[in-house]
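Dropping the structures in below, format is structure tokens.
Shared between the two complexes below is chain A, which pairs with chain B and chain C, respectively.
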Partner chain A sequence: MKIFKNFIIIFLLLILNNVYANENSERNEITKNLRCLICQGQSVYDSDSDFANSMKILVDQKLDEGLSENEIYVYFKEKYGDWILYDPGLNKNTYLLWLLPIFIFLFGGAIIVKSFILKK
Partner chain B sequence: MKKKLIPYSIILIFLIIFAVFYKSLKDTNIYTPETKINNDIPIFSADLLLLNENSISTEIFELDKFYLLNIWASWCVPCRDEHPILMSLSKNNKLTIIGMNYKDNKKNAKSFLVELGNPYEKIIVDKNGTNSIEWGAFGVPETFIIYNNKIIKKYIGPLNQELFTEIQKIIK
Partner chain C sequence: MIYSVVGHYSLILGLCAGLILTFFSIQNFKNSNQLDTKILSFSFLQLFFVLISFLALIISFVISDFSNETVFNNSHTTKPLFYKISGTWGNHEGSLLLWLLVLTLFIFIFLLRTKNQPIKYKILTLGFQQVIIIGFFLFLIQTSNPFNYLFPVPDEGLGLNPILQDPALAIHPPILYLGYVGSSIIFSSALAATTLKMVSTSWAVHIKKWVLISWIFLTLGILLGSIWAYYELGWGGFWFWDPVENVSLMPWLALTTLLHCILVLERKEILTSWVIILSIATFTLSMCGTFLVRSGILNSVHTFANDPERGLFILIFLFALIFLSLFIFFFFHQTTKDNSSNFFWLSKETSILVNNWFMMYFLSVVLIGTVYPIFLDVISSQKISVGPPFYHKLIAPFLIPFLFAMAIGPRLKWIRSDLKDKIYLISLLTISILISFFIVKNFNTNILINTILISSALYLFFITLRDFFLKKYKNFAQNTAHFGFSLLILSILFNNLFSSEIITNLKVGETYDNSKTKIVFESINQKTEKNYKSIIANFNITNAEGINNNLSPELRIYNQPNITTSEADIKTTLMRDKFIVINLVQNQDYFNVRYQVKPFMLWIWLSVIMISLGGLVSFLQRRI
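What follows is the complex of A and B.
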């Protein structure tokens, strides 16, 4: 019986711990993909600057208002431009970034096909 | 054919790398967001400093009038430097100056205005910094020129004599 009780306690502790961690997970997910503009090289999630803290509050507010993750990204992109997102969309400034790896992959693949497979 | 391809591709790769490095040589690594002008101003409601009342953005910004929104704080040193310029801009009847008090203590903000003068017609209180993010600002001081509910100009950092004449020209 005692083992069973202990087991229940541990089980509850683990469950509640999980609940606590999940509360902010959506906000954390979003702020990890937002760049802190005044602290170079840090995400809003990592930073504790004034700007980042205000951003966190605003993300919470927007989530409360019922905006989805993507709508929040669009909202910040409108205000600050593409730079605020760590995962920029495809546009005229970023097409090289997105397409170059695919071209390199295809080029390498073509070399492999030509020199190893077609040779046989 | 194959023997020629290798040196050519090496040269090509070096050229690409050179072009990328040469282009980034001119870019600064300090990022300033592209000045998004002709954006509509955000709709918000906020408390007003000095008046102890709440106001909404449509009450503050009327159509067919020039507004200057200045984000400031009493703890911000560059704000102190640009304050005389705001004071002289406030003498112009065509321009209404609205202040936004950024993450500040009310008492300090009031004594700042007593010490240096108050160029603002209304002062919006931005206690947690979210309002200034709605405007697309990211620090203090920052200045926006607004006409017909659109941001027509945005200045990051303190105003100076040069910008003063520029603003005078815009509102003429």
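What follows is the complex of A and C.
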């Protein structure tokens, strides 16, 4: 048990060490989910291109105007289309995308139960 | 010039050796008392020719022979020697030649090292492997010849993309390919074993070594790619769910599933069909990856050099291979009738099935997430992006039961088991939950999911840690790998939760101070290297505890091609990385400075090394 006690102490120390508050954290959250349209597979947050920088400013503006995170996503989606959002919401284009893996999971479980568990 | 000719002709000779080998193996297969010595020598000859061709390409790169188109496109005289050499596989043609080299190398070692298996099986494996090899020869010679001749000979090459001029990336492709291509042996061997109806426990013991080799290399290859992305792409992440990364993750998931499944087949003849399907799937996924990366369908940071003609060739080849394997599977495979699948629901067999079940789910998430946008674009010309949020949402919740199963599973016995020392298991669970709650409580993140995730990872961590002391060397390989995995998940979670960053614009001499961190932009130096000029910025950073660090990120302006890259400066310590990177802002006299404190970064790498170490131990272990 001594090891575990030590671990608890280490973890508690870590907590104290790491209480940083992120400035811009809301803006960062949002820009991580936006694609930089002129880059190759980078998010606005990751990119330092002119496009990304102006997007960051735009996100700040929208936040100042009091828009919520979701409203900002809707705003960008209307302006640039679905391509800009890294999180493809559930809509008629993406039912299959979201549900197919879940369906495969259920199907796999059913196969295992049927052929190995119930067979007795 | 002369080297290109040598290289080109050895390629053709290698192809001829492949055709002759196929002919001999068919003959030898008909009257097979012993392995024809000609087969071994021609297999060696083929390896030799490809090696010559590969060396010829390396030499062309080293001496900067710009009459060779590949060298012209990817090299430059001022490049350091090390990157001239690594430039050989830093491009499409060269990397395919490397594929071919590994393909021929592996089959040769396979022929040499496989002792206690039937001759027919060896010959047939060689035959299937030759189908793949000949396919790659044709692909290389037809669509991506590395030895195309340029006339008039240019004076200077176009240079290698600077972000590829990096030590980690120099060895990343060879290691990754050893993993990718190693799965071709598993593929050929599974097809051969199916045809000869010898998928059995002894075959499983034999092929497990090959599965382990590919798995170790693939794991390390992915790790190297990830480390490279972390410090070279310059934004402090290590996994972006980028299509090209996903493409390397998919064979890894399939291979990991196969590795666990083989453990069952090693002991009794069940799950035979499943093992064959997985063996086929692993290589097919590797090929799919090559197709997706090379055809330029994907939008990714990593795509380079692409051409629709190449995509089409690989696609046709891929379908031919899938068709061949399906044909063999359905015509030759017989499921064992007696079905000794009598095991209690609580047993090691069940836990391995659970592993397979979840792994297949993760695989399907990654696969669907990667290819769905392509299909949607083709069908309805709607462009959507599938990024990190999608993967996190679908994978994180399923990781919880998966981690618990990983902790409990290995403790179970074969066939029938019950849980021993329940008190210990439950008390460890309580401790894990308490600790995670304490950790998460201090942050206004989503408390519930994070607490549960961290507790499940901690649980696995404690249980495997305890097993190290309790069981000593029994199941050491498995325990190491599982312990490494728990450490990996914990490090990733803590890294996500506790990372902090400061983004600001600074001129030389300015100071940024937010009461916790003080960043002083002290000075700037310039340096001229052979193939780039660099601007080195010197920062002095003081954190809340008064610890002082000097960090010097760099901007490199490469001359050929003219690209500017940011080289991050990273101060790595056991507990956290301090990561700073600067960027030019156009028409301004200040720099964009991004400073990040990333806890547990080192542990992410170490835990992956530990996971592969588990594989290595298992590989070196004799079966008891």
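What we mean here is this: the second predicted complex is superposed on the first by the 99 of 120 C-alpha atoms of A that agree within 3 Å, B and C clash if a C-alpha of one lies under 4 Å from a C-alpha of the other, contacts with A are read in each partner's own complex, and residues count from 1 in each chain.
One rule holds in what follows: a residue touches a chain if its C-beta (ideal position, glycine included) is under 8 Å from a C-beta of that chain, and two chains touch if they have at least 3 such contacts.
If you're wondering where the values come from, they're calculated on a predicted model, not measured in any experiment.
Trainee: Quick one: is A:Ala110 in contact with chain B, with chain C, with both, or with neither? Answer first, second, both or neither.
Mentor: neither
Trainee: Name the chain, either chain B or chain C, that contacts more residues of chain A.
Mentor: Higher number of touched chain A residues: C.
Trainee: After lining up the shared chain so the two structures overlap, which partner does A:Gln61 touch, if you call chain B first and chain C second: first, second, both or neither?
Mentor: The first partner, chain B, only.
Trainee: On the A-aligned overlay, A:Leu90 touches which partner chain: chain B = first, chain C = second, or both, or neither?
Mentor: Neither chain B nor chain C is touched by A:Leu90.
Trainee: Going by the contact rule set out at the top, does A:Gln40 touch chain B (first), chain C (second), both, or neither?
Mentor: In the superposed model, A:Gln40 contacts both chain B and chain C.
Trainee: Would you sort A:Pro101 into first (chain B), second (chain C), both or neither based on which partner it touches?
Mentor: second
Trainee: For A:Asp50, is the partner it touches chain B (first), chain C (second), both, or none of the two (neither)?
Mentor: both
Trainee: Applying the document's definition of touch, where does A:Lys32 land relative to chain B and chain C: first, second, both, or neither?
Mentor: In the superposed model, A:Lys32 contacts chain C only, not chain B.
Trainee: Tell me the contact category for A:Tyr80 with respect to chain B and chain C: first, second, both or neither.
Mentor: After superposing on A, A:Tyr80 lies in contact with chain B but is clear of chain C.
Trainee: Take the contacts of chain A with chain B and those with chain C, and give the residues found in both.
Mentor: Chain A residues touching both partners: 40, 50, 53, 81, 83-84.
Trainee: Going by the contact rule at the top, pick out the chain A residues touching chain C in the complex.
Mentor: 3-4, 7-8, 11-12, 14-15, 17-20, 22-24, 28, 32-33, 35, 40-43, 45-48, 50, 53, 81-88, 93-94, 96-98, 100-102, 104-105, 108-109, 112, 115-117, 119-120
Trainee: Using the touch definition from the top, list the residues of chain C that touch chain A in their complex.
Mentor: 235, 237, 240, 242-243, 299-303, 341-343, 345, 349-350, 353-354, 357, 360-361, 364-365, 368-369, 372, 376, 380, 382-390, 393-394, 398, 431, 435, 438-439, 442, 462, 465, 494, 498, 500-503, 514, 516, 545, 575, 583, 585-586, 592, 597, 599
Trainee: Would you mind writing out the residues of chain B in touch with chain A in their complex?
Mentor: 29-31, 33-34, 36, 39, 103, 128-130, 132-136, 138-139
Trainee: Applying the document's contact rule, which stretches of chain A touch chain B when the two form their complex?
Mentor: Residues 37-38, 40, 50-51, 53-55, 57-58, 61, 78-81, 83-84 of chain A touch chain B in their complex.
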